[in-house]
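Look for chain A in each of the two complexes below; its partner is chain B in the first and chain C in the second.
Coming up: the complex of A and B.
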């Protein structure tokens, strides 16, 4: 990546650590976010993603490290001077105000009263809530409350919007619909989103880049495709999608890949990606996504296995296999004319394309 | 069936003294009696036509108003510290605030005579205000603390993220969020102060007198039905306050646990 001027970054997080009662909630995080990006902080609960977001918002003070926005150090700026928008997990709509006054609050608070009415109405129409102005926040549905929260945070035209698991309370269908809508609004007004979620599908489908967090640290920060296809750590491989992790030792190492010995070298796996971090003799793991595993494979290192169970999910069927290299999952197209679902106990040989395997250091 | 009869009898029996007082205030006789002899409003005329009675009514109303306002403001500040800032020993502090509820009123009266006379406030309006604040704080504290515990702290963060300075956040977000609690605190402490007799008895003097204490001393001296008229007015006033409270926020707000 070419060296960028810090002005290209709307947000720079440098060596930020936050300690609560002796334990590190956020541990030495570095993260740079470009203007207009959709960045997701993804991780299980307790991984520090919300704490990191709250430090960006100015609700928590980092124990050490620095947070800058638009090239300026924000360490001593209170939340109300950071010129950001935020959508809260429980939305935090003002219960004693109607929809219109909730949305207008930010403009009034910043004393931007010119064209206040037009801006509030434009924002309500952007989120599809015209006609709801005088409703109380308790009188509208969950999805509508969501839209009010979004409109309220966007009306002051911030260039950075923080979203703390805003969709987690909604049912699946509404959630999908709002994901698409959020992405549309983000692209339409071209602002930077920092989105916190524990849902990896949500993260992959919406984000330009995903920061996968675990135990307070960012384990990997890359595009959605990179984090899914080239996980750099075992945690990322397991947390972002399902995967098969096979453990072994590097037996050959060449300029364009490596060979990993599994199971006392009875089985060998060729790896093309992620091999630069390993040397011959290292103990490593390899990650193979279930959808790359092929049954009855002609690959040069086929592995023999037995089917232990299957689960059908419409277009695909996922087999649990017991192989010489350990348990494996294979997700294959469901083709009735090929005899799917295959019966339990059937012996199959399985393989995978060499470029679908990623090496993960132990 | 038997329990039902008992329950109904108790419910009928409890308000009976009030009913008797109210009925006897309409007597035309010159002395307190029940059942009443003849119907008349003369004792209400006597009450409302008497400068002395109206003066003590005014004193009581002003005392209750100032006491309730100060108690509620102090309770809000205390609850803010305990609930929002989670100060050390918050629970102990809450218990101390609630002690006037269980401390014997006669003892408080005696202690207050000593305390107020040492600063020269015995028999003054200022002294009564101070004591009524102490007595009403337990009633004012609970609703406002319960409201603060219920209010979402993220509301204040949301206001800050929208650019509101702390002062605006306080007036436009924090305070309205606990408004039902504040109204309950105000009304309850007003009623408690307005009806308070036992401690106030020790502290009144020739220059300051409250309505309930005046009723008490009249009853010792004479049995004029004007006392019944005053009492009936107090009952009506308290009922209206409680009714208002119930209409505005619902009485269960005070009764439920926080």
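Coming up: the complex of A and C.
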């Protein structure tokens, strides 16, 4: 990646900390967001992602650190001068205004009255709400309210839009539909989205980059594929998708990988990725995603295991296994002609390709 | 127990109250209009022909209006502060209603101690050499309004607070994120949404101020009483019930002339403010 000029970043967060009554809600966060990116702040509730978003919006003041936008320091800039859009978790539609007036609010507040009507109608058509102008916000469905909130935040054409878990109140099907629509709108108008969610699937499917947050800190900031396949910390490995974490000690270290000797048995695991952070003799964990675990594997280090239970989910079946290396999850294609689901108690040998294993320092 | 009987029993207390109120109101109007079995409008014509009563009516309305306005100006920011207070809100509420635990007579006397000719303020002013004779801070409209605002402001605060608590903070933040400066956000979001509470507060404070007896009696001047005090004196000192009843009816009509339009306005506002659900 070429070294970027700070002007390429629409948002720069430098060493930002926020303390509430002595406890750190956001702890020394550094984050740079490029123009046009879809960045997700992902983490469990209470991890500080919403507080970070509220500091970007200007509703909270950082205890220390600096937030800049478009190369300018925002420290003394109140929310109404930051030229950003925001979609709130509870949507915060104005209950005393109809759909049209809600969408027109930002233009009227900034006194940008020329072509107001055209801009409002363009926005309503972008989100597919033509004909709803005079409806009250209580007379439309949850998905439509969502679209009004989006149209309202985009009408002033901000170059940065903040979204605080906007889809969390919707049912799964509508959620999926709006995820696709949000992504389409983001690409169509080419603005930067900062999206907060606790749903890792949502984060992976929509984002260009994901910042995984835990206890106020960003544990990993990378593309969706990186955070899933190459988690850098145990928290990221566990929070982003399901995983098998096995602990052990680095027994061999070479230029192209390492071998880990797992605890409580003499199973050896070869690791190819993430090994640069560990030296021989270090205690580490390895992460193996369930979908890489193969049953009846011809791998050179097969691990013997017993099936303890299974859960069927359509195309795949996930087995819980009790192996010599500890409990394991294996997600395999559901093939009835291979005898799936395999009965409880059946002995199997399991393995995994070496390049599917990621080393995580402890 | 049959459901209809249960409903009737539950409604009985409020029906009793309502009944007693209506009978009392009827008796009041009746005793002002019917004297010795004859319809007689003389009480009213006597009142309307006396310039001092007309002036008293005007003063009552003026003092009540000023008290309401001051309570609103003080009450709204207070209610807003309490509604958005991050800490122990119940403690602040306790502070607001605390004066209610003290009798209105004691509270009014408290003002005498502070405002009187030999009171705290005048004592300090004379001691500090800022004036050589006491400034008249009470026994005039100023003292009455001050006392009434002190007594009635909590009603305004609580009426507005109950509405502000239901206005999500994110509505103000949404306005700000859309470029709404504080004054604009207040005018277009907070004020319209809190209007029902403001109107309730205005109604409550205005009604109670027009009917005030004790505060004007203790803090007001001898020559410029308010209507409520005058009615009290007609009943307790002169035993002129027909005249007191006629004055009370006049007071009632002047109060309703303000309150009914406000109530209509409030209903209309509430309909405009609803988000339209279930309609």
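In this section, the second predicted complex is superposed on the first by the 360 of 362 C-alpha atoms of A that agree within 3 Å, B and C clash if a C-alpha of one lies under 4 Å from a C-alpha of the other, contacts with A are read in each partner's own complex, and residues count from 1 in each chain.
Here, a residue touches a chain if its C-beta (ideal position, glycine included) is under 8 Å from a C-beta of that chain, and two chains touch if they have at least 3 such contacts.
Keep in mind it's a predicted model, so treat the numbers as computed, not measured.
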Given the alignment on chain A, is it a clash or a fit between chain B and chain C? clash
Quick one: is A:59 in contact with chain B, with chain C, with both, or with neither? Answer first, second, both or neither. both
Comparing chain C with chain B, which touches more residues belonging to chain A? C
First, second, both or neither for A:139, with chain B first and chain C second: second
Regarding the shared-chain residue A:88, is it in contact with chain B (first), chain C (second), both, or neither? both
Between chain B and chain C, whom does A:78 touch in the aligned arrangement: first, second, both, or neither? both
Quick one: is A:110 in contact with chain B, with chain C, with both, or with neither? Answer first, second, both or neither. both
Find the residues of chain A that appear in the contact set with chain B and again in the contact set with chain C. 57-59, 78-86, 88-90, 92-96, 105-106, 109-110, 152-153, 156, 162
Residue numbers on chain B that touch chain A, as the complex places them: 152, 154-155, 157-166, 168-169, 172-173, 176-177, 179
The chain C residues in contact with chain A across the complex are 168, 170-171, 173-182, 184-185, 188-189, 192-193, 272-279
Given the complex with chain B, which residues does chain A contribute to the contact? 57-59, 78-86, 88-90, 92-96, 105-106, 109-110, 152-153, 156, 162
What residues on chain A touch chain C, complex-wise? 57-59, 78-86, 88-90, 92-96, 98, 105-106, 108-110, 135-139, 152-153, 156, 162
